[in-house]
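If you scroll down you'll find the structure; I have some questions about it.
Letters A, B, C, D, E and F mark the chains in the order given here, with residues in each chain numbered from 1 onward.
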Amino acid sequence: MINTHKREEFDIEINQTVGKPFIKDAKFSTRNVDVFYGEKQAIFDANIDIGKNQIIAMIGPSGCGKSTFLRCLNRMNDTIQDCHISGDIRLDGEDIYQKQQDPVLLRARVGMVFQKPNPFPKSIYDNVAYGAKLHGLASSKIELDELVEKSLTRAGLFKEVKDSLHKPGTGLSGGQQQRLCIARTIAIDPEVILMDEPTSALDPIATAVIEELMISLSKKYTIAIVTHSMQQAARVSQRTAYFHLGYLVEVNDTNTVFTNPEHRLTENYITGRFG
Amino acid sequence: MINTHKREEFDIEINQTVGKPFIKDAKFSTRNVDVFYGEKQAIFDANIDIGKNQIIAMIGPSGCGKSTFLRCLNRMNDTIQDCHISGDIRLDGEDIYQKQQDPVLLRARVGMVFQKPNPFPKSIYDNVAYGAKLHGLASSKIELDELVEKSLTRAGLFKEVKDSLHKPGTGLSGGQQQRLCIARTIAIDPEVILMDEPTSALDPIATAVIEELMISLSKKYTIAIVTHSMQQAARVSQRTAYFHLGYLVEVNDTNTVFTNPEHRLTENYITGRFG
Amino acid sequence: MSFGAIFTALMALLLLGYYTGRKRSISLSDKRNQRLHSLPQHYGYLIAFWSSVPALLILLFWSVLESSVINSAIVAQLPAQLQQLSADELELLINEIINLSHSGVAIGDDVKRHAVFYYNALIEFSDWVKSVIVFVLAFIGMFIALAFVKPEMKARNLVERLIRWFMIGCASIAVLTTIGIIFSVIFESIIFFKAVNVFDFLFGTHWSPQEAIREDQVGGSGSFGALPLFVGTLLISFVALVIAVPLGLMSAIYLSEYSSPRFRLFAKPVLEMLAGIPTVVYGFFAAITVAPFIRDLGESLGLSLSSESALAAGIVMGVMIIPFVSSLSDDVISAVPQAMRDGSYAMGATKSETIKQVIIPAALPGIVSGVLLAASRAIGETMIVVMAAGLSANLTFNPLEAVTTVTVQMVALLTGDQEFDSTKTLAAFALGLGLFLTTLVLNIISLYVVRKYREQYD
Amino acid sequence: METQQHISRQYNQELESVKSKVLKMGGMVEDQVEKSISALIEQNSELAKEVAESDYKINKIEVEIDESCAQLIAKRQPAAGDLRLIIAIIKVITDLERIGDEAEKIGRYTQKLTSMKDEVNMYAELSRLGDKVITILRDALDAFARMDVEQAIRIAGTDRQIDEEFERVSRILVTHMMENPRNIKTMLHVIWCARALERIGDHAQNVCEYVVYLVKGQDVRHMELE
Amino acid sequence: METQQHISRQYNQELESVKSKVLKMGGMVEDQVEKSISALIEQNSELAKEVAESDYKINKIEVEIDESCAQLIAKRQPAAGDLRLIIAIIKVITDLERIGDEAEKIGRYTQKLTSMKDEVNMYAELSRLGDKVITILRDALDAFARMDVEQAIRIAGTDRQIDEEFERVSRILVTHMMENPRNIKTMLHVIWCARALERIGDHAQNVCEYVVYLVKGQDVRHMELE
Amino acid sequence: MISNTKKIKNKLAKRYAKEKRFQIYGLGAIVISIAFLLSLLINISTTGFPAFQQTYINIDVDIDSKLLNLDGKYSEQALFSANYRKVINQSLKTLFPGVEDRRQKRALRQLISKSARYQLRDFVMNNPDTINTKQSLWFLARDDVDVFMKGSIDRSLPESDRRLKNFQLVWIDKLLTENRLEKRFNINFFTQGDSREPEQAGIKGAMIGSLLTMLVTVLLSFPIGVSAAIYLEEFAPKNNRWVDIIEININNLAAVPSIVFGLLGLAVFIGFFGVPRSIPLIGGLVLTLMTLPTIIISSRAALKAVPPSIREAALGLGASRVQTTFHHVVPAAMPGILTGTIIGMAQALGETAPLLMIGMVAFIADVPQGITDPSTVLPVQIYLWSDSPERAFTERTSAAIMVLLGFLIVMNLLATIMRRKFEKKR
């Protein structure tokens, strides 16, 4: 079935990912990952490594499976009824889909930031402290205060909100909310941060601020972002992965992808030609 | 009050619109238009001409009053409770805010296409025929059929839907829906089409199709579009107006605005600098 | 002509008006070669309106007033000694006359026969005048309106103005209702409070409208201390809430967060059925099954329970209001955006942590308003307590004892064959006022609470 | 790369129009160079004048193309192949303009030469150089039009022949100068022309290099092409 | 124009880094030109060799800057001033690279000249030309660095002086050649050097024109600057 | 310092245990609620089912014209007022000869329903040629016999605690052995009005009363409620004093106890306008006022749920406010409006308290013919019967409840179907 699919739809074969999908010193590595929603296959045989302290961007036309793939990485797909995953996804060499793996623990290690900023309807402080309280990371109020301040500072938000820590987080502007969500995520000190179109609900100014933040966070964290804006991918990421109808077509250095992609489908997408 | 406002916020004075706000042979011309929402002034002294069979793009940061201004042109602001407009807006030299002007008739002459495609929950046919029925434009079923076909064809949608004219319009894809909305608007043969961010809910491919359509429609209609995408403004329009905090800062040929704007605020916005 | 016939004729006129209006507008537009301002049917609607509605209103007005005018006319021509009769007797007499007239049988004494004759004449005359006025008005309306039809006439705007006034009228009925409620309870209550001191009523601990305790009590035949009733009401409502809130809330949580879609598909309508069951059914169930069951249960535990304990009524009422809590909570919980859940799961929270710490706080305003709604239901609920709670006004906080409630007493006082203005009847209105005010206050509190929470997190 | 159309027809058209303008410019430049060489060899002062006075057209079209490229970048956010095309165009037209300048120079020197009336039968010697230069220029433009990397690489290699030819011509000219010191000034003009021809060859080589960059995405300037 | 910062600090940095690379390239080119001139005038074959062999660095930095510009366009969708800056940079560095080439040429000819050992005391004559060229180049780069249109226009005007000086030098050289036909070959090398210096002046003028385009958005190439 | 991961791991088991408990509480709540509902339904239906059957007694009747006091005149008038009681008593006597004791005689007569004579009358009037013949006829049994036949009277109880005495049991046994006792489908239950005699009591009167009341309610409340909702949602100016007052009123009325509406009806319609008590017109008016807030609020919610983009689209095409509303907004909101209306109607159908206030609680045996005839309604009938001590009334109460619930279920199904249909059309 897959073969005919390839023939008919692409003219070009997508036998395997072109470019440099594999690297040394990978944080995440996925091998032969297939994802199904019920009968429907959303991801076909994805093989890719995600490097430590790097930003990798995932781009591709709508519905090509970027979000699906991203959500495999912290098992957020578990919450979807009929979503099945096969293949091998390893975080630091450890299979995250094995029986003993606890998704709660995994998600504490692999944080996620969503498309629309979704602060909890609590105070700014409580938003950031939420994860720490949940996991019992801070043993005292002072420790917690410190953690909150540190996280907010690292998310570049502390200055703006330090006088209103106990005001509701929902009262912030969109960009501030998104930074609050990032602060909340880094408060539990994850190793990886996944971001699914984190700026598509934001205006250009807020977007620029978040992009800066991503770049500075990438010194400490491994970041994978899904974005619809090719320019954003070009701006923030070191590596870029191009998805097409569920296939991982090309993974390459961002500079290469944007000036000289290897695969014709990538080129077509990047230059705005008919897919 | 206005003066202090200018001093404090801009460093630069916005005394009057720079560039070429006025042209000969204008379809619309506005003079000294102020718009208030209750106490709050949203548009300050806007003076601009909109040329016949041209596309004019309105750009500017969020909340600068683009939509407000656009909606003044077909009195859609009438539906907002506490919105007051002063100044002079003329369509073909006729004051559209004078007492005798019926907003319903005005809106038949000045059509509008919205940000989110909003087809009626009716069949495709009925969507397009609605306006004609409303204004009694077709005297027979045959005439109506012709009108529907002509409008759909002109909106570049007929081929795609000719076999499903009686299926619901809401079943179409986003881009098709937006073209349906355009078809619906041109079915009543307006003189001007206003578009408020008509592609911001669409994916890039659908966007490109709509942009093509706008350009081809501009041969027959006068089009004013509000867009957040500077590139879109650059692509489709002949003239561009830049709004800033309610002021109409610059109106100029699009090529000029995007390569060599006159006002520093325009330049800052176009190049992504701090406003 | 009878009412029905006139009405039918008017409806026919309405249709006629529509078609002529439509036609005339089209032909005028053709003749003058002028575009119509509005669509032809708008002209049709307009003519249809003027040719029937004013006439219809007159007809209704006439019909409502007709009987009282005629009755007083009949009374006026009765012999003087008959006019001296009491109002009730007069009414009986008039009814008899009307019945005689309808039956068409000429029996009875001279006076009555005369009256019947007079009555028939009046009716005939009234019918005749009514028909003439109505039809003249209808035709005048139609022709004047037709004369106004011109292509440039803003028919649509006029029609729309009419529609708008009709809708304003409909919306205003709510205000009339409230005014009606207030007026219907306030006057009677004022009379009642003239007889019974307000403080005695509010804080008196003894309620027995049947017998007089003090000889010198003015106008009354019993004592009207309503405190036990209000306490009883609150006691039963409290029991009900104790049952309904945890069950309803937990059900809502389970249904919206945990259950499989199939279970939900089955369980949700079943729970909602609880709200659809008429209260009289609950009352019956409480009286026939639950109360004896609880009494037996109590006896087997060595407690002596009345078979009309507050507990039985409260439990059944609690079950009844479960859906108010669960349905509203379910709605607000489902309305909490998925993004919120995703946010929490992505932080490594378990489901129950997410629910307890994120979803419930987010949904709290809605839940609170659901609970308050349920509470006001409980307080105003009548049939369950009428059937399952007793009539004995005990001032107690013990749910195992029999208590009575405001609504029970209202029913008891008003369903007998008392005279309309006896103190007992009036007491019911005073209780109604108290009930109305209590729920009003509860309502205001709920609005306030909801608004306060909303302001904080939205 | 050209088989697939842009989703935006407008974009396609704009790109095509720029490309065709570049080809038109190439044609004009080629024409100028041919004319200047025949004017030089045939000592046709009319033609020389025409060449010298037509250069403004090439300048104009260069500015025009630059403008269009700027517009394209501003409007369309070109990436990958499209971006390389635009950058290559911006670069190529500088070279083409310079070629035009060189042709103009030849025209001017030819005008001077015809007015000098010195009998310096050197022009025949130049004709071989001229032929070679025209060939390489034509081939380079051809490679650009067809985006033909193979040909571009091949052509770029032939520039060395031109340099050698120039060396040969200039040696001959030096000998002539030594022999007829009175004609030195005239000869110098001839040498300037030869020099200009050699420069045209260099610029043609640059065009070829941009073709490689355009298609392969590799910048091969200042490297040995192989 | 430079007072306001981009919202994206990264973008700012990238633009700044390209600009500073261009300035660095300018510095390198200036250095090369200076060195080549002193090598020529002082007949310093060491220095000449150094110049001839350092050109590759300039070539390398040109390719680098081109690459960065392509990246910037792909990533940032520059518009208005930023776009003009990038286009100007793409254009300017071609000129700078050519200047480097000319310097290299001077270096090579100087090497040859020193090996010829012909006594042609012409170098002093060249020093005035050299000074002028260095001044105009330095000023042009300065105008570019400071985006100073006034200065750019003024400098572009001084190119005519260089052309005159070149005319003067070449007349002198022709006279010399006529006087010493044996030295013609050497003289020709000197003349090539002078010619190279003159071209450097032309390129410097181009740089000035781009500064005007950059700041004013007007393309003033091939027009009389005023 | 321990690493984050380890810290988190240590706490996990406890957190999962909490999770499990929470889930169990939730499921428990549902199970309890459903169990209550089931016990209610089962209880009602087990008590109510027997009411759909009725015991009949077979007697050989000697239709003797003399006993009938006919004097040979067989006119209708005469047949109507003939003495059928005597005939039946005589026939009973022949069936059980030897019952002499007056007390026992009375007990014997009480085996059979008081209505037997009317049954016989109807039979004779329809078949006048049967006079002076012997006919074997089936008559309604008394409720006690009926109850006994359905097994609800325990023979083993001491006689004093029983409704049926020993000798009555003997007779019944005799009748049984002679096959003179039979249970049949209780058609009377659906074709008769209320009665003091349980075996005769039916719900037709209450059903028609309910129907008429609902008719009045729906005809008034639907147009008024929907118009009001449309006005408030689509047309009402914001920041208008009058509109604010209307809104506050509606919200408040929604929570006013239903019994208060009864007071309103009592004071205004009956007290002030002097309309007669107990008629469906008043019931309908009161229920209209009571359901209006429900309909208005749910209709407003449905209207509010119509995306504003639809309105903008229509306005942008040059439709007026009214056209926009009636062409697009109302059709789109129709499913919600209809469901709201039906729910309101269901509420009204089950409503009792306010109707008690306006006198619909009176005993009315006749089936109402129009909206101005005195009548009762189903829930009130249920209330009335539930107050009656006879075991047979308890049975009938449950049966009436089953009928009422049946109507409610049908209405809810209707709501669901309508909503589906509308949604498909969209």
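To be clear about the criterion, a contact is a pair of C-beta atoms (placed from the backbone, for glycine too) under 8 Å apart; a residue touches a chain by one contact, two chains touch by 3 or more.
These figures come from a predicted structure and were not determined experimentally.
Counting steps between touching chains, the shortest path from subunit A to subunit C takes 1. Among the inter-chain contacts, the highest number of C-beta pairs connects C-F. Taking the mean Cα position of each chain as its centre, F sits at the greatest distance from subunit B.
With centres computed as the average of Cα coordinates, no chain lies farther from subunit A than F. Where subunit D touches subunit E, over half of the residue numbers in use are shared by the two copies, so each contributes mostly the same positions. Distance between chain centres (mean CA atoms), subunit B to subunit E: 51 Å.
Note on chain placement: the centre of subunit B and the centre of subunit C lie 49 Å apart, centres being C-alpha means.
Rounded to a whole number, the gap between the C-alpha centres of subunit C and subunit E is 94 angstrom. Residues of subunit A in contact with two or more other chains: 104-105, 108, 135, 188, 204-205, 208, 231, 234, 258-259, 272. Residue positions of subunit F with contacts to 2 or more other chains are 8, 15, 320, 323. The set of subunit C residues that touch two or more partner chains comprises 348, 350, 353. Of all the residues in subunit A, the ones that touch subunit B in their complex are 61-62, 203-205, 208, 228, 272, 275. In the complex of the two chains, the subunit A residues touching subunit D come out as 230-231, 234, 257-261, 264, 266-268, 270-274.
Against subunit B, in their complex, subunit D makes its touches with residues 6-11, 70-71, 74-77.
Across the interface of their complex, subunit B is touched by residues 1, 4-8, 11, 76-84, 216-217 of subunit E. Those residues of subunit A whose C-beta lies close enough to touch subunit C in the complex are 74, 76, 79, 81, 104-108, 111-112, 114, 116, 118-122, 130-131, 134-135, 168, 170, 181, 184-185, 188.
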